[in-house]
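Each in structure tokens, the structures are laid out below.
Each of the two complexes below includes subunit A, the first together with subunit B, the second together with subunit C.
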Partner chain A sequence: MSNVIIPANLWEEDLEGAVSIWFFEEGDNVSEGDTLCEIMVEKSTFEVEAPAAGVLRILVQVEVPVKKGDAIAHIG
Partner chain B sequence: MTTASLPVEASLHPHRPADQGRLIASFPAPEGIAFEEAHFQQFRTGSDMASELHFWTQSRCLVTTPAFARRREFKRASAHSPWPVAVRRSGGATIFHEPGVLCVTLFEQLVSANIERAYSGICSLIVNGLRELGVQAEVGPLPSAPCDGRFNILLDGRKLAGTAARISPAGNRVVVMAHAALLVEGDCRAGVEAVAAFENALGLDAAYPSGCMTTLAEHVDRIDVVSVAAAIRKIYRQL
Partner chain C sequence: MTAKKRKITIAKAMAEAIAHEMRADPGVLVMGEDIAALGGVFGNTRGLLDEFGSERVRDTPISETAFIGAAVGMAAAGMKPVVELMFVDFFGVCMDAIYNLAAKQSYFSGGNVTCPMVLMTSVGGGYGDAGQHSQTLFATFGHLPGLKVVIPSNAYDAKGMMIAAIRDPNPVVFMFHKALQGMGWLGTVQSSVVDVPDEAFEIELGKAAVVRAGRDITIAGLGHTVHLAMDAARELAKAGVEAEVIDLRSVAPIDRATILASVSRTRAFLSVDDDYMSYGVGAELVATVAEAVALKARPQRISYPDIPVPFAPEMEHAVLPSADKIIAAVQSILGEK
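For the complex of A and B:
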């Protein structure tokens, strides 16, 4: 099981973001390096990649606020 | 933010080796957005350039975000908008494009990126390019304008250009796409009114004062998108 965590260095500022879109659905098989979702911070969009291959379990739905270091999904 | 400083990796070419074809690509909406997306994916996956700069325009349309496109009112609001509505993947809110709006897209490969860095390249190019034309613009927020952010290009306290950025991991680097929509000529009041009408139809409480945005043509004689693009490209080539 791998956690999909918003990297602490994805943006430097102490700002909240929100997942703007998931490119996969709950239970989908994903490959390492797949772009899983986009996170919107201010007017900037950050793409988050899958750290491992497996089945996606989404923990944070679209438009829910997130911070750096938050786990937004599991891949098992 | 007046000095552009694009980091050039030793293994990368600093710029496109030469300009191919026309300076500005023109599209019927929403094909400009598809053009930008295709170039972004190409740059992200296969470019050995440290950066690329593109200029493009498209026919009159509103450009909005996935978040707004998910609203239940979106279909009806789009159908009733006299301006066709397109959706882009970068952030912000709703803006308008038309042939007098110069879209400037800068792709960069960086070791790491933060929000300030993502915007610094495009903002510096535009501010310095406008200075070549005798225009003293600045970077900053304007909460009364559509699609506000910290990195608008402002002229005399009015919004001249909006910006947005997209940051994507690419191996041990990140690829940044920074975009600006620069109002060169045309009736920006009509564009602002169209944005407000569309966003209100989405159920938002949009009210933008008349005159919150401006065009370069309101400040500079005989200006057009080609001369502005040429001035920005001149700055880019000097980096």
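For the complex of A and C:
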């Protein structure tokens, strides 16, 4: 089981963002390095990759505010 | 265990399609405002500058008159420009190149000089950008002979239609709706983000798609309103009304055969679009249906009222099409049969 954490250096400054799109659904198989979702911060988009292979469990739905360091999914 | 997916946005699907054609054909190039270094304000040219360089992926000055005119000339000379008009609302300063030159080139030269250009342009509102950045203008372009005018509702169609558009010897106006682009700040319709093959494929331009089968009524939409129609159809099904939903995908040519085949069975019709109502897509569809099919109830159209798009969100959303308006219209149509 790995947590999908928003990297501390994904964007500059201490701004809140929100997941704009999940590219996989709950329970989907993902591979390490897959782009799992996009996070919108102001008007810029940042991608979050899968840290490991496995079955995706989404913890944060779209349009919910997130910060760097937050766990947004599990891969098990 | 489910099969591995590759869901992408319309923006990425467009960029993939253009990249594929640029690899296959050295005559394909991209021009427009902020399409190179920024990757497009709507994300649809992201990555192209890095792969193909600034000769073939060219940021232009803010002069649509100049660079869209240049694209028409390049196409006449045998190149295949993909040129971006950032917002369709800006067409005023470049329309002579589009409708007097590009659209008529092949006709006026007896077919000797074609115009293999793609004009890609963003349409639609819903995010408070007011009257000069929120129009769709489907009918404005669809009305002019010589242009193909298309709009995808999802990423799969966007990729196949963009590849077909680049390969087409005719000028193609490739519209993309901002609400479907996968740019979070414009709002993202999740159902536009779908599984898309990695490899190149074409979707024939000018063909509508039946995206939901149903026996009671035909609802036709395009771009964003396809998703509203699908939302409405799912709600209506709970009350036992089965709506057939058609994604037009093309404004010009318009696929009358697919519409009429559906309406011949359902004998009830509603069109839904977010362009101005008068002389619009809905008017064309309702006329097409009324001329050919004995309907069981009077057809209706939902469109944008004949006013410039308001800035205030409360006012803009009050006049935009919605799933609730579609449900009410269907109930009204079927209630009077």
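By definition in this document, the second predicted complex is superposed on the first by the 76 of 76 C-alpha atoms of A that agree within 3 Å, B and C clash if a C-alpha of one lies under 4 Å from a C-alpha of the other, contacts with A are read in each partner's own complex, and residues count from 1 in each chain.
We take it that contacts are C-beta pairs under 8 Å (C-beta built on N, C-alpha and C of every residue); 3 or more make two chains touch, one makes a residue touch a chain.
Every value quoted in this text rests on a predicted model; they were computed, and no experiment measured them.
With subunit A as the common reference, the superposed partners subunit B and subunit C clash.
Of the two partner chains placed by superposition, subunit B and subunit C are both touched by A:V62. Applying the stated contact rule after C-alpha superposition, one finds that A:I5 touches neither subunit B nor subunit C.
Touch criterion met: A:S20 reaches subunit B and subunit C at once.
When the two complexes are superposed, the chain touching more residues of subunit A, out of subunit B and subunit C, is B. Within the superposed three-chain model, A:D28 lies in touch with subunit C and out of touch with subunit B [touch as defined at top].
Using the contact criterion defined above for the overlaid structures, shared-chain residue A:A52 touches neither subunit B nor subunit C, since it reaches no partner. Residue contacts after overlaying the shared chain place A:K43 against subunit B and subunit C alike.
With the complexes overlaid on chain A C-alpha atoms, the stretch of subunit B that clashes with subunit C is 204-212, out of 132-140, 150-158, 168-176 or 204-212. Shared interface residues of subunit A (contacting subunit B in one complex, subunit C in the other): 20-21, 38, 40, 42-43, 45, 62. Those residues of subunit A whose C-beta lies close enough to touch subunit B in the complex are 9-13, 15, 20-21, 35, 38, 40-47, 49, 62-63. The part of subunit B that touches subunit A in the complex is made up of residues 65-67, 70, 89-92, 112, 114-116, 118-119, 147, 149-151, 163-169. Of all residues in subunit C, only 1-5, 7-9, 43, 182-185, 188, 190, 193 touch subunit A in the complex they form.
Within the complex, the subunit A residues that touch subunit C are 18, 20-24, 27-29, 31, 38, 40, 42-43, 45, 62.
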